[in-house]
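Labels for the chains are A, B, C and D, by order of writing; each one numbers its residues from 1.
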Amino acid sequence: MKKIILSTLAALALSSTAYADVIKVGVVGPFSGPFALQGKNFKAGIDAYMALNGNKVGNDTVEIIYRDVPAADPAQSKALGQELIVKEKVQYLAGFYFTPDAMAVTPILKQGNVPMVVMNAATSAIMNTSPFVVRTSFTTWQTSTPIAKVAFDAGVKKVITVVSDYGPGVDAENAFKAGFTKAGGEVVQAIRMPLSTNDFSPIMQRIKDSGAQGVFAFLPSGPTTLGFVKAYNDNGLKASGVKFFAPGDLTQESDLPALGDAALGIQTSFHYAVSHDSPENKKFTEAAIKAIGNKAELSFPAVGAYDGMHVIYKMIEATGGKQDAQKAVDAVKGLSWVSPRGPVSIDPESRHITQNIYLREVAKAADGTYINKEVQTFEKQGDPGLAAAK
Amino acid sequence: MSAVFEVKNLKRSFGGLVVTNDVSISMAPGDRVALIGPNGAGKTTFVNLVTGTIPPSSGEVRLGGETVTKVDAIGRVRRGLVRSFQVTRLFQDMTPAEHVGLAVLQRSGRAGRLFGSFLTMPDVMAEVSELLEKLGLAELAHRKVSEIAYGQQRLLEIAVALALKPKVLLLDEPAAGVPQSDTGRIEQALADLPKDLAVLMIEHDMDLVFRFAKRVIVLAAGTIIFDGLPADVTKDARVREAYLGSYAHASHVA
Amino acid sequence: MQTVFSIAIDALAYGMVLFVISIGLSVTMGLMRVVNLAHGAFAMIGGYIASYVARDLGMGYAVAVIAAVVITIIIAIPIERLLYRRIYGQPELTQVLMTIGITFCIIGIANYVMGPTLKTIPLAGPLQGTADLGFRTISIHRLFAIVCGLVVALGLWFAIEKTSFGVKLRASVDNAAMAAALGVRTEIVYAVSFAVAVGLAAFGGVVGAELLPVEPYYALRYMVTFLVVVSVGGAGSIPGALIACLVLGAVDTTGRYLMPEFGEFFFYLAVIAIICVFPRGFAGRAK
Amino acid sequence: MTVAMNNQTTLSRPRGGSFKRDLIGVIVIIVFAALGYVLFPDNLALLTRILAVALLVLSLDLVTGYCGVATLGHAALFGSGAYAAGILSAHYGINDPFLMTMGGIGAGAVAGLLCAVIMLRAHGLPQLVLSIALIYLFHEFANKASSWTGGSDGLAGIMPDAVFGIYEFDLYGHTAYFFGIALLLIVFVLLRILVRSPFGMLCRGIKEDPLRIRAMGASPNAALTKMYVISGAVAGTGGALSAISTQVVALDALSFTQSAEALVMLVLGGTGSLFGALAGTLIFMLFEDYVSAANPFHWLTMVGVLLIAVVLFAPKGIYGTAAAYFSRRREGSQ
């Protein structure tokens, strides 16, 4: 008898969460610490989406719960992910700026019956760790591959690659190498430097001595980017005609004011520029700038978060607010919409976003601010990284 | 009787300055020797050379017939050369029982044990009680050192040294800084030192020297200028010169 | 051969920038015996002030440098009176706890007030651009940093070794009670030294900003580098710090050129090697 | 306080049985563990993390609190344990949690030996810098050996088996929590025995005056090396617990940040006491969790204020100051 009452109670408890009016979304990201700016962009993207689309899906109210992982710290990320699922009873997990933080949480998705929407972490392999992961950002392979063709077409046949020695850096190096040798070029040297490097003059000397016509670089956005670009100018590489190619992490909009004139003319390939010219983007940037408070701080993680929210809203719609990870993920496979970055879709197989990659050049806008001006479009790019890993 | 402790032609210079010059001393078990000398005579350097804290420029130190010149300070302690310190160096947070216990454990090769406590080792405790009682410290056995009087700390220094069962004991001014009222107990402790132990005492207090030593060595400017009976030391012309002239020469020697 | 020269110049420039930023820490740690992990935080404050004055107020580089030094010192005075004074002579670990706490607070406040983005300090006209050395170009600012390093080194050496204040400072360091008995007001000596150290931090933060850009996490990001450089030199020694900066700068730069993928290894292996050979640092005095 | 003499040849034992205090310690830990389980059943992941870090801080207390070696690189031992346990599972398929823990203990001890050999070449500030250099070398090494460690992506694929084949390491973290509590209790009891042992006494002596210890014929460096190895085993236990409970190991386990945080927690609680280490860890991590959830954007300032407040108002650490206060009270009332 007692058992029946208990199980009835349990069922009641379960059903009350399943048909709850409030649907919680747990967002894990770096909201303090050296990467706080990126976390701030997550929040701006989410706030923008909810400002434009309301906080209700059907009868259900969406509530966001933020948790801070200041730097790549998978143990902390896992503990917070667990807490969000078990204690806060979130139906969706989202955010994740760093790959290891995302990878730490994917093993518990199945048991927790919770889908994860990755809003930034850019290593291809995340998608393989769980069928409940959907990604609305990009992969380093995706953004670095097109620039190889750009470099080759610009007449550069010998390139030296310089990357920060960590996961995304190595990904960028491999992606560029694959694309560039396929096009017929030669990578004369591949340099990996420690993440903490702050004086790049000796690296510039290496580039000079290598005899390469161009340099492909990948560094995480932030202070090192500034040092690298300055060193590139100050050591006379720019003047001597060594061309500079990089994925757009290097010319993140929030770094551009600091880079200033030093960055002018640098070409990068990326999935999103704040200056992208479309009505969707205009709407997005207006709302996001309002949310973040300072236009100069807005950059790509915000659009990943914005589209991530779009995917989550579609999932809630499809499941009617019930907790069903499989159904939610299935519902967005093949989903396509027009994002602020352009037309995008979720690849049904990899659950990663298919999108346009743009070649951009740093330029001065009419109002004196620096922008990434889109000059060329590579349409409907998937993620070549997964194929390469196989 | 053969020498238990020998120093032969010991020499040490810092740069061009010779601080210890050709010092030779030989001691047999049971000897009670006092080493005296004016300020800056090189006594501290001599102690450091003998204990192995600094290496000599040339010369030899022998312990129980074995040459230990190349042996480090720890090795010499293990071979039976133990010293006390001029200013007590005790562990302020530990008790006298723990001090002596640690010394006994170390001597018997048990200081590295990861379990148990000397408080539960009967043989160690017997030795600890015996030593503490002998030196009149039993009442204070479980007080922290920081809470006991300086005179008693000096006695504890001697207890720790004895717990190491030395063959040669180097006492560096054992009564320094002790109020007059307490020196009696220290003198008593010195008088009670094991009979077969060779003791070299470095001391300023001439009364103590005369009561304790059977032999006196005078060090001046790094050289032995006198080695003989206490009764003869004040009569020696060179000793008088060294002490009375020491004020004039101090700046050169120091 | 050109490459060797080129690397040598890079090493010199990098070492001097390190020197300018770290030397203030050498003063606090060596002369005042405070493990001041908040040193980088003061350098960062200096950088922010200079950036605000030069970029937002448009008042020029020279004004910015002076404003940064003066205002940082003014900000530091209450911190010294209320907090640092409590940890003089305390165990090192207590000092570590206090100064890390101060650093966290300053980072949090900087993040709140100035925002998380990088801040630059526009250079004065003559410092912009690059100079042609014949075989390579180098930014004029780097040359300026080298000169600053030399001037600071000479100035400090003179102040400590040749002035009456230096005598009082060294006396207070060696034996505070004795110095006080001789009529030296040690409290004032400490306060002035602290102000000098903070001023140097701010100056270094501004001059070094081209290499170590100003952002809220500056204070923690480079804390270790400063600490390492000062300790390898021997805390409190100006020539020691200079040698340490030049040697470590050279090791780091050369390593980065020859085998960039092992850059960190070279630097820290050199640190270990140096300390094993000089356990008190290059110019460490035996106590 | 007077010491009663039983007879003429043996001293009485000091008052206040140490066994009683051990028992109290164990009971306090169990009570806290039970409270944590009852009050925060949904936060077991965090509580397990606290347990793992507590082991690291205890291990740090052994070298810093009991031997006076200041280090900002202690996570090297913790991380080595974590990676060893993780690699056993991810690369060799050894998924038994006890074997993984043993692997962590062994690796931690080896790392401890390695660190000791280098750390003991200097004292004071240069020693602190050596520890920093070491932790960066460990970190870089793990980053470079990415085929073993997963590099900056972290080591995934750690799948510990159920404990005794029954208790799975599940989402709710019950097993991990109890596993961690068991490890902490065992380590705590062993460390209580250790710090009271002849060796523990020797180390306290070394902390106060290494020269005096040399004059007693004992080698401080040999003792410190031994303590470092023991400390490594303890930290390795914590690392293994972390790897088993989170099923992932990343470079942050070997980072300067982790080391510095551990030191902050230790000083916060009070050095030279096992309870201080535990209290410091618990207070710091709960505080951090609370303020970072309350304000994910600006919580660092609050942590800074806490540290400053502790130095100003509890200079011996929170536990150390409280213990001193109560013992004064007790003595006053007698």
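The working rule: contacts are C-beta pairs under 8 Å (C-beta built on N, C-alpha and C of every residue); 3 or more make two chains touch, one makes a residue touch a chain.
Keep in mind that what you see is a predicted model, and the values were worked out from it rather than measured.
S.K.: Would you pick out the chains that touch subunit A and also touch subunit D?
M.R.: Touching subunit A and subunit D alike, sorted by label: C.
S.K.: In whole angstrom, what separates the CA-based centres of subunit C and subunit D?
M.R.: Centre-to-centre distance between subunit C and subunit D: 33 Å.
S.K.: How many angstrom lie between the centres of subunit A and subunit C, each centre taken as the mean Cα position?
M.R.: 36
S.K.: List the centre-to-centre spacing of subunit B and subunit D in whole Å, with centres computed as mean CA coordinates.
M.R.: 41
S.K.: Hey, how far is the Cα centre of subunit B from the one of subunit C, in Å?
M.R.: Taking the mean C-alpha position of each chain, the two centres sit 48 Å apart.
S.K.: Where in subunit A do residues touch two or more of the other chains?
M.R.: In subunit A, residues 32-33, 36, 40, 165, 194 touch at least two other chains, as defined above.
S.K.: Of all the residues in subunit C, which ones touch at least 2 other chains?
M.R.: Counting only residues that touch two or more other chains, subunit C contributes 111, 261, 264.
S.K.: Could you check subunit B for residues that touch two or more other chains and list them?
M.R.: As it turns out, subunit B has no residue touching two or more other chains.
S.K.: Hey, which chains are touching each other here?
M.R.: A-C, A-D, B-D, C-D
S.K.: Residues of subunit C touching subunit A in their complex?
M.R.: Touch residues, subunit C against subunit A: 3, 6-7, 10, 13-14, 111, 115-120, 130, 136-139, 142, 210-213, 215-218, 220-222, 252-254, 256-257, 260-261, 263-264.
S.K.: Hey, which residues of subunit D end up touching subunit A in the complex?
M.R.: It comes out as residues 42-46, 48-49, 52, 140, 143, 151-154, 156, 170-173, 242, 246-253, 257, 292-293, 296-300.
S.K.: Quick one: in the complex, what on subunit A touches subunit D?
M.R.: 31-33, 36, 39-40, 66-68, 71-76, 78-80, 82-83, 85-87, 99-100, 103-104, 107-108, 111-112, 123, 125, 129, 165-167, 170, 194
S.K.: Show which residues of subunit B lie in contact with subunit D when the two form their complex.
M.R.: 51, 73-74, 77-78, 82-83, 85, 89-95, 97-98, 101-103, 105-107, 110-119, 125-126, 128-130, 132-133, 138-139, 141-143, 160, 164
S.K.: Which part of subunit D faces subunit C closely enough to touch in the complex?
M.R.: 64, 70, 118, 121-126, 128-130, 132-134, 136-137, 139-140, 144, 256, 260, 263-264, 267-268, 271, 298-308, 310-312, 315
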